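Please see the structure below; I have some questions.
As written, the chain order gives the labels A, B, C and D, with residue 1 at the start of each chain.
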């Protein structure tokens, strides 16, 4: 069992890894202000929105949090503000998805110092790597701090799937909590689930919304979906419906999920998700450079979609 | 005309951009010591080796220099040591090939402060980008300092070729010196050469050794080849032979180039090039993490290749 | 409504498209003899094996049937023997997955003449095509005969996914029965399912075993899985368990499916599936050229897998 | 030495392989009439146009000839008409680029019967193949007839580069004349050229116009460029200029080549080349289905390009 690390002397920890990794852990957006600084107030609003929706953890500087596109000081301020806002109510997982081992180690130390509860790390990228290099990379991050680690497979970004044998080898390390897979390939995901035969406590979480339902029905432990920034309750409901075996409800919720992700999986990219969060009043509409805010036409589309799914008025009034 | 920036008050600049960009500018290896620090002595030896070979510039933290895999302090120390070793004899170009705009801007400021003569920047990566995002990224780097900029196309690493229309738009900016292309695709390279019709001073340099000769014969201005760490004179000879129209000599030298690159373009990757530099006595055999030094068998192969091409004894005795 | 085509005057048709497309339709192997001729006896055994397992149709010259790798006479003989063996008990769908339109039209006429009940057609390949070319290709096949048509998406082979807008346009044609998707991408598959909103009778079938369960739970009409050559009953059981909402049973069956497909989705390729069928006594172990039969080591692995899942003794004794 | 095969008792052969494979061998378009039949008259005009331009051979049913998209009877009529038009003045090489071995063998026999002087064969496609499968495929085509064979690497279409070790193994067979490479990758091409060390008579021809000049300067034996349908003399001039070491002339001609290929390498695809041939009065503007003739705007662009390069009036008046 992974020991709980009391990250903040003053705050009693209100969560366990066991529960946290079997729920919904949104990869949080990284709100910025007009000067490009981390927006601590907005971070606070996002955290409240997410926790109010029933989510069980917070993942910063991950996919949607574009950690690889933030400066060192932006990253540091984002982690600090999130840890402060979480206030021990849920674990804060921090992505160290930088291209190579030295920058990832640097980021790991920085995250630990800022109060992270766990690190999230995947394949190195930019240059090519083999399985052994992937393993050394993760081991270097493990060795850098005493924090637990969640593996992260996202070949859409790294162009290097985590080799299954490497995941298997790393799964033997108790500080490796499990793996988040955002590839969307259920063959690969099933192979991850099969690793649980040897270590049932190894957590396997799905990060791709479109296969979220399928993954839950196949045995996924939890979800790490970008959509949970916008619709945390929907994703939590999906997990609960799947646990309850309520297939009709699962399919209705899946339809909603599929339609809502159109906001950012199609032409708009993640800038669409930032626009949606802005419309919900959570943060400014400022995606990380070099992206820019989506135009007015797209904003209307997103607005209509949020209203159709009952997401806009409720939050906007808040 | 790009103004010369006197980077170091005490040292008279012994070079012009005009000459520098029409010669050979090696993308330098980044020597490290056992503790993972930039090895200033080794950097000095590499610089002497390169300049003694007739090269016209120094490119640090580029492809072979694995800038994206170094920590901020490793990068800073590498640039400082190179600027000091160059001592105004040749320009020092510094790569800022980080995934996003904020980190690249941070690196640009750091490089300027350390005495860089120019920055080298390409497409953002990890997340997807369109042409407009690529352009904003380069413009942000241009705006960060007053240094001139060389564009860099390396889709093998970024998975996003610089869109030709973006290169064309950026070529209108006088501070954009030109472009280094390492893709190896001569169709793309020819389109870059065609940009010289509108701006003859726009420099187009080839970074892929296997098409170096072909590119020179088609009108490339110069070369930025990793192999020049090991065999600077060979690459300079190739440029001169092509300029002289001596096709027979060109083909003999091309054969040597092709054979020597086998050290690192086949199974070994860049670790092979680091091993070769170590055998030449230039630096320790320590490639950036998570890579490791190549094994003994490969070392023997590399050794034999260096001897066959007359590269080893001469330097080893020095 | 698609008219039933009485393909064979003497035989009363014992099936409807409605039932056939909501069950399991194996893409049949194409048994050959030592001289490379279609092996009619083996085809008869495969048909009996499949129908005895509860399958609702027969798909020849599709993925597993390697139609694109057979000669014109091999294809013709394979269709004839299958039609004869089916004897009106189940529809015979015939793939015309040839590279271009003229060869596909030729194959369509040949299939119609040989008694096919429907044609299966996808994207042209070898040369690049846009959406309009894909549509013209299917329309040419529709125009060639009066047979109904099932669309087929298999980008692993064609390197050109059927453009969704093209599928949508073609779905308006009553003679287009539906679509088989073997891509394995549930995002794409969900978009196919969404086409049923406008035309509920449009059938959407899953061809990739690893997402078979997930697809059924999301609303797939039926399956077209290569594994059904070996384990027809298992695939039929999976469909029934999903229809019944028996999630526990679904997961047990899915595990079996996933494990059994290891016979041919990993190193062996389709030659592994041909070996398995040979071990079941269904056909000779002769995959289409240039493939060759798998070696002894692999044969043992396959044998062990078949026995583990209770597939070998039962059939072997028959 | 490959024996000359007197393909047609009555006609004295006016060529040798030695000369033919060191010149320009256009991959001929496949002219069709309004009914989709091979247009023998047009084929005759294309042959005269090509031979008048100084080309040394004729390659039918290859890349530009879209053999994989023609029906068996279209292919047969095309070969027959070409052999008749060639009348022994130049060798007729016939592509058998069908997806699998059985169809390729069928096509090989058909081509031999129709008077082909050599067969052109590459990797199987549609299904995945390893190096051994590629080799068995070529060996099956070799065994099917007594004709010599030219290897053909075109991964843009087959999605499977010919494995270098396979090419090397096949190069030991005297009936293998050499290899046409259309990949455009000079690293791969250089490795093909290196095979000539062991067998100097092994011919290495470049099929990609954009690297034609570079390849000739590196030692290519000849060219097989689609552009030679439109501008045979230009391609022959390029070969001669490269042989003469006239670099200035080489570069002027290369510029023309690069600009003219814009007709079909950019948006239009091969339909652009068919339109150009139609404008030259060589054939009807009917590309193989499912392609359609390019629209009026593109026709004007092509027209302007042909006139700019002096190709249109001269031929149009003929």
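Keep in mind that, in the parts below, a contact is a pair of C-beta atoms (placed from the backbone, for glycine too) under 8 Å apart; a residue touches a chain by one contact, two chains touch by 3 or more.
Quick caveat, the model's predicted, so the values are computed rather than measured.
Here the chain-to-chain distance from subunit A to subunit C, counted in touching steps, is 1.
In this entry, subunit A maps onto subunit B through a rotation of 180 degrees when their C-alpha atoms are superposed, rounded to the nearest 5.
For the touching copies subunit B and subunit D, the fraction of interface residue numbers used by both exceeds half; the interface is of the same-residue type.
One finds 36 Å separating the Cα centroids of subunit C and subunit D. Remark: subunit B and subunit D have CA centroids separated by 39 Å (rounded to whole angstrom). In terms of their C-alpha centroids, the spacing between subunit B and subunit C amounts to 53 Å.
Listed for subunit D are no residues, as none touches two or more other chains.
Contacts between chains, counted with the stated touch criterion, involve the pairs A-B, A-C, B-D, C-D.
On the subunit A side of its complex with subunit B, the touching residues are 36, 66, 68-72, 74, 97-103, 105-106, 124-129, 132-134, 136-137, 140, 157-159, 269-270, 288-292.
Only residues 184-187, 190, 210-211, 213-214, 217-219, 245, 247, 250-251, 254, 258, 265 of subunit C touch subunit A when the two sit together in their complex.
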